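Given below, in the form of structure tokens, are the structures.
Both complexes shown next keep chain A, but they swap its partner, so chain B is in the first and chain C is in the second.
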Partner chain A sequence: MASPTRLERSARPGSMLLNMGPSHPAMHGTMRIMLELDAERIVNAECEIGYLHRGFEKTCENKTWFNLLVYTDRLNYVSPLINNLGYAMTVEKMLGVAVPERAQLIRVLVSELSRVADHLTCLAAMAMESGAFTVFLYLIKAREYLWDVVEFTTGARMTTSYIRIGGVRADLHADWRAALAAAVAETRRVLKDVSGLLDNNSIFVGRTRGVGAISREDALSYGWTGPCLRSTGVPYDVRKARPYLVYDRLSFDVPVGENGDNYDRYAVRMREMEQSLRILEQAAALLPDAPPLPDGPVIEPEEAVCRSRRRRAVERVRLPPNLEGSEKERLPGLATSDGPVTVPAKEDTYTTMEGLIGHFLFFMRGKGIRPPKGDVYFSVEGGNGELGFYIVSDGTDRPYRLHLRAPCLHIVSALEELIKGRLVADVIPTFGSLNMIGGEIDR
Partner chain B sequence: MGPEDLIEAVRKRLGPAVEAATDSFGDPVLILRAEAVRPALAALREPPFDFAVLLDLTCVDFAATEGRFELVYHLYSLAGNVRLRLKASVPAADPAAASLAGLWKNAEWLEREVFDMFGVRFEGHPYLRRLLTYEGFEGHPLRKSYPWRLEQPRIPLKEGP
Partner chain C sequence: MLVDALIVLAKAVLALAWTLLLALFLTWVERKESAVIQDRVGANRASVMGLRLFGLFQPLADAIKMFFKEDFTPSFAQRALHRLAPALSFFFVSVTVVAVPFGDTVHLFGRAVPLQVVDLSAAVLFALAMLSLGTYGILVSGWASASRFALIGSLRGAAQLISYEAALGLSLVGLVMVFPSLSLARIVEAQGGLLFGFLPRWGVFLQPLGFAVFYIAGMAGTKRVPFDMPEGESEIIGFYTEYGGLKFGLFMFADFLEVIVLAVLSTTLFFGGWQVPWLGGEGFAFPWGGRLALAPWAVSALRVLAFNLKVLFFCWLQVLTRWTYPRFRYDQVMDLGWKVLVPLGVVNILATGLVLAAR
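Let's look at the complex of A and B:
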């Protein structure tokens, strides 16, 4: 049956072999770490991933370009909007479409909300596992404020599917400005509290400073990106190195660490969240309020269909709640008008023959979005680092091949080396600071 | 250095290892001969090119139409802030390529994934074992010949300690 692992083959006769995970309270995400122990000291380690493998890439080959967006929500499920963005922008690069400025600002806004939520979750878990339960509660509380903004706009906390190829699905919800200001203020307050609780806390510092350290050269050799790479002092950030959306017009810094240890990864994430809050405020200031919808009578969709049999109904059509924010008047600011790339306005589908045909032409098999032949790579700065999509198109209605460059795969591949020679207790904060996300690493 | 200059410089350095240079949606792409991949990438890792990061390694199955698997490497140079895509084809009948283990540390896991998903062997790899699926998994799921919803045989429970 199963052949012995490298660790089992090389283990010395007297040492103890221990499995940490795949079901272990500290393995948030499912992963198995095999340890060879000499008392408390780790002589050798081997990681096994794949427990959450769902065949994402295979599934994408069998879904249309539009349909497979929902699967990207489930990659890094803490910041699904950034996954949506990465996929949408990769396809847009192939299609060569331009996205309206308002949609770009909204994309920046929701990306940064997701980034803060991602960092909050990572630090919350890391702190809780090192015994700081208060910090966990504080950080999760701040995350709930941020997710309120996301939820009211997208209709979901995690399975958002909000950023679409060619734009965004709907406008921000009516009260977004107040909700965002409250979320930013709350997050600032929590960050200050957490900083006070952890920065000089001898238990936390003792378990993180100098633990799990990696050199700059090794981090690059492992393909690290994102906050983990920046903790070693390399200021690489996709938003600065290859600016996308409107990031080149926003002012923010790229915080870096020095030692590349657990503490620096914590500190870099803390400082990055402050920068993201800055971006949120700038993007909110640049975003004008959506113009109010025209007054006048509103009719239900069924009635609109009936009335439009002879002549198009002139009244506005009431959209179902899940389409709130994607009214026809709003769409020009939210989605590109270059070709049949986005879902056509629902009002037209209900009231005109051309609109109905357009709807079918978008959703029918073999029609809809069909990028030209070729292969493309595009990446955005995800919560964990460079989130890249490599897509091969053969000109049909579904991708020939779609590959995700998962930042956490590269980061976690270094874990074995980080914990070798350390104590068992050091695995917990080290693993926590890397922010392994099962959905992203296992795909 | 613009993309054209970069491609020119790389072609000059690698000589016959490069079969062709193209451009795909604005990304510079080099097609390499399969046997030259490891020395070519080793050369690109050193100055003046300084591609210190192996961003990504994956594979595309063209077995049914063209009888080949295409390995796709993405390199990134921090110093020049440039990305480069390199591709090499291996025959579908017996797909094998030289391992990059020893050049970049993440190559070990990336190659295990390609081996797992496509069945491409990497010669010189220290530990070529499935990464995302498990030992005893039948077939290589990302090959086009592998049906999307194929069920795998059950693995019997392990006996005793």
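Let's look at the complex of A and C:
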């Protein structure tokens, strides 16, 4: 018998206790909301997180700087590329390395793709849980087009691990321009449809307007960031406040709301997607096409290894499909060359002794990336807000301590206050508009 | 006497079979129509001997699946009531159709056979009563499940259905005043004439406000989005949280039957039932003077067809609504019922009375 919860101890004798989640269709399996009800009215609420806890921060202390990147994919699993970015840039700040401009533009491109996908998913879930299933499928359809671009380039939809410390893993896929144009056009079309279905829909407005409202001061004191904070009218966006990558060279607006209610959160996200699409178009225009690979005979890796035993092979080496885009000729634009920060070119590993040694030096225990002693905080604008990494290094090949500032945690901590005194049905759009992501909140 | 009884029995079987088949068909319509709305393909895999027919066999596959699922009753439920609830829901909604005329009188072997199971003199009241009794299925299921989600759902359902029953009843008073009868057969016959010489004398033209109130209140009675408070699957999962297998199937089927009943009642009360515009017993007599003589059997067939098409139209409309709108909140539904629809129903009665008195 579990000990009684705070809510159970304080509940009045006559009221009904209702346990929403973690097995509840709207709780995404990762949250539990206990409600004390007077008929349909919520007298008191208690939120419980931790159902997706997997010890991310502790695990990171036992993984090398390079290896723990894959764990960041699983933080905000709706926009994994931004998590990759946040981690990579924090470590870059510790190392003090500069990233080539092409890699920066690619990073902006994939971050904004992820941001749109994140907002689409949030609004889709919010709409579906309010009963608008059609809107859900429309938004998810647009997300598929965006993820096509991501998948072409990174080879995965979710577990991308594409942005690496010092750059990106590979160049964009050869067809990325066409895929991106299709994705942007399709997303615009879907956003127009969804605006038509929801913006002035009296049922939707009635369910969201004035529901779950929070004041600017409260939002700030809870530590809200991102679209949820901006919906209260605070124009705080890490991309503007502390510009990183090339965001200071791109023109985009920071949409803000007024009331900080569910409808404003919906509207801010809708308008932010428009801005992200603008950024995507600008970044695509700034990005030159990838330099063509030199012509000439191509040999298989086995062949290259064989030949190089006598004399270095001069032919180009065919890389396996999972390394497509990270050819040696392209790497200078994609990754920094300051010290052993990035995986050395695979062609060299196959064909030269120095390359092979470099490879081992990168991956061997105690070698590889070793930031100097010290601690660093760096944050990027994630889908939900300020995604920050605080990392302490003791100079070894793995972090001494890694802390994630997950925007969700601060936002969801206000949920109890937002739903108190409202109706059971109000929990759903409120919870949906906050965009709780289990992977990020539980770590 | 025996022959008469057999005829009634045959018509009852026919009407029930028609309703159930239509409900099965409606599950397919719902899947396909939502798929078209949402840019999907929809169910198209169920096949018989390799024949797919756009997934028309899907309802059969669903039915078979429901039959073979485990008939599960939670240990904390009240077994007898838990078993009774789906039957109650299903029964009350499926008997409503017996009072509805689905065609005019046909003459078979020298015998006049009205195409209606029984011509009840108070059929309008009967239909309303049966729809209200369906509430018991919801209440009993929520209580017997002993689950808090189900209980909230059933309380919401009972409150909603009873509230909208008021609006539903008020909306029909005006109609009954215009076509002074409570028998559905008389009401349909009364809608056969013409208004201003060209417009069919349908209830919707005489009682537009009455129809609006009736249709919205009826939609609320079907408990589907945007009025799916009792289910609200992403909020409270609904009054059938603790049901599975065929029992759940019966609830779902009763929902589709309610859609059909609303379509049938809308057709019968406001859209002329089996009446075809300008079609009399001898054939068409168009308002611009044209005439088209038809054999009596052709007239009867056209009328049955017209009834079916109208019902299908209203089913289609309801599915369209269901996949377009988000869900109301419970208090908003109550506000709409008591503060908008009931006053409108009263206004409609007053206006109808004034017009009738002035004539």
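Basically, the second predicted complex is superposed on the first by the 440 of 443 C-alpha atoms of A that agree within 3 Å, B and C clash if a C-alpha of one lies under 4 Å from a C-alpha of the other, contacts with A are read in each partner's own complex, and residues count from 1 in each chain.
The rule we apply is simple: a residue touches a chain if its C-beta (ideal position, glycine included) is under 8 Å from a C-beta of that chain, and two chains touch if they have at least 3 such contacts.
This is a predicted model, so every value here is computed, not measured.
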{"item": "Touched partner set for A:P321, first chain B, second chain C, both or neither", "value": "neither"}
{"item": "Chain B versus chain C as contact partner of A:L137, first or second or both or neither", "value": "second"}
{"item": "Which superposed partner A:N62 touches (first chain B, second chain C, both, neither)", "value": "first"}
{"item": "Which partner reaches more residues of chain A (counting touched residues only), chain B or chain C", "value": "B"}
{"item": "Chain B versus chain C as contact partner of A:G366, first or second or both or neither", "value": "neither"}
{"item": "A:I428 touches, of chain B and chain C: first, second, both or neither?", "value": "second"}
{"item": "Chain B versus chain C as contact partner of A:P291, first or second or both or neither", "value": "neither"}
{"item": "Partner chain(s) touched by A:G14 [first = chain B, second = chain C, both, neither]", "value": "neither"}
{"item": "Doubly contacted chain A residues - partners chain C and chain B", "value": "none"}
{"item": "List of chain A residues in touch with chain C within their complex", "value": "16-19, 24-26, 40, 127-135, 137-138, 141, 197-198, 201, 203-204, 206-207, 423-428"}
{"item": "Parts of chain B lying in touch with chain A, wherever the complex brings them together", "value": "24-27, 29, 52-56, 58, 60-61, 72, 74, 78, 81, 83, 85, 104-106, 108-110, 113, 117, 127, 129-136, 141-142, 146, 148, 158"}
{"item": "Chain A residues touching chain B - in the complex, by the definition given at the top", "value": "1-3, 5-6, 49-50, 53, 55, 57-59, 61-62, 93-94, 218, 220-223, 225, 234, 236, 241-242, 374-377, 386, 388, 390, 392, 400-401, 403, 405, 409-410, 413-414, 417, 442-443"}
{"item": "Interface residues, chain C side, partner chain A - complex", "value": "34, 37-40, 148-149, 152, 156, 225-226, 228, 232-237, 323-332"}
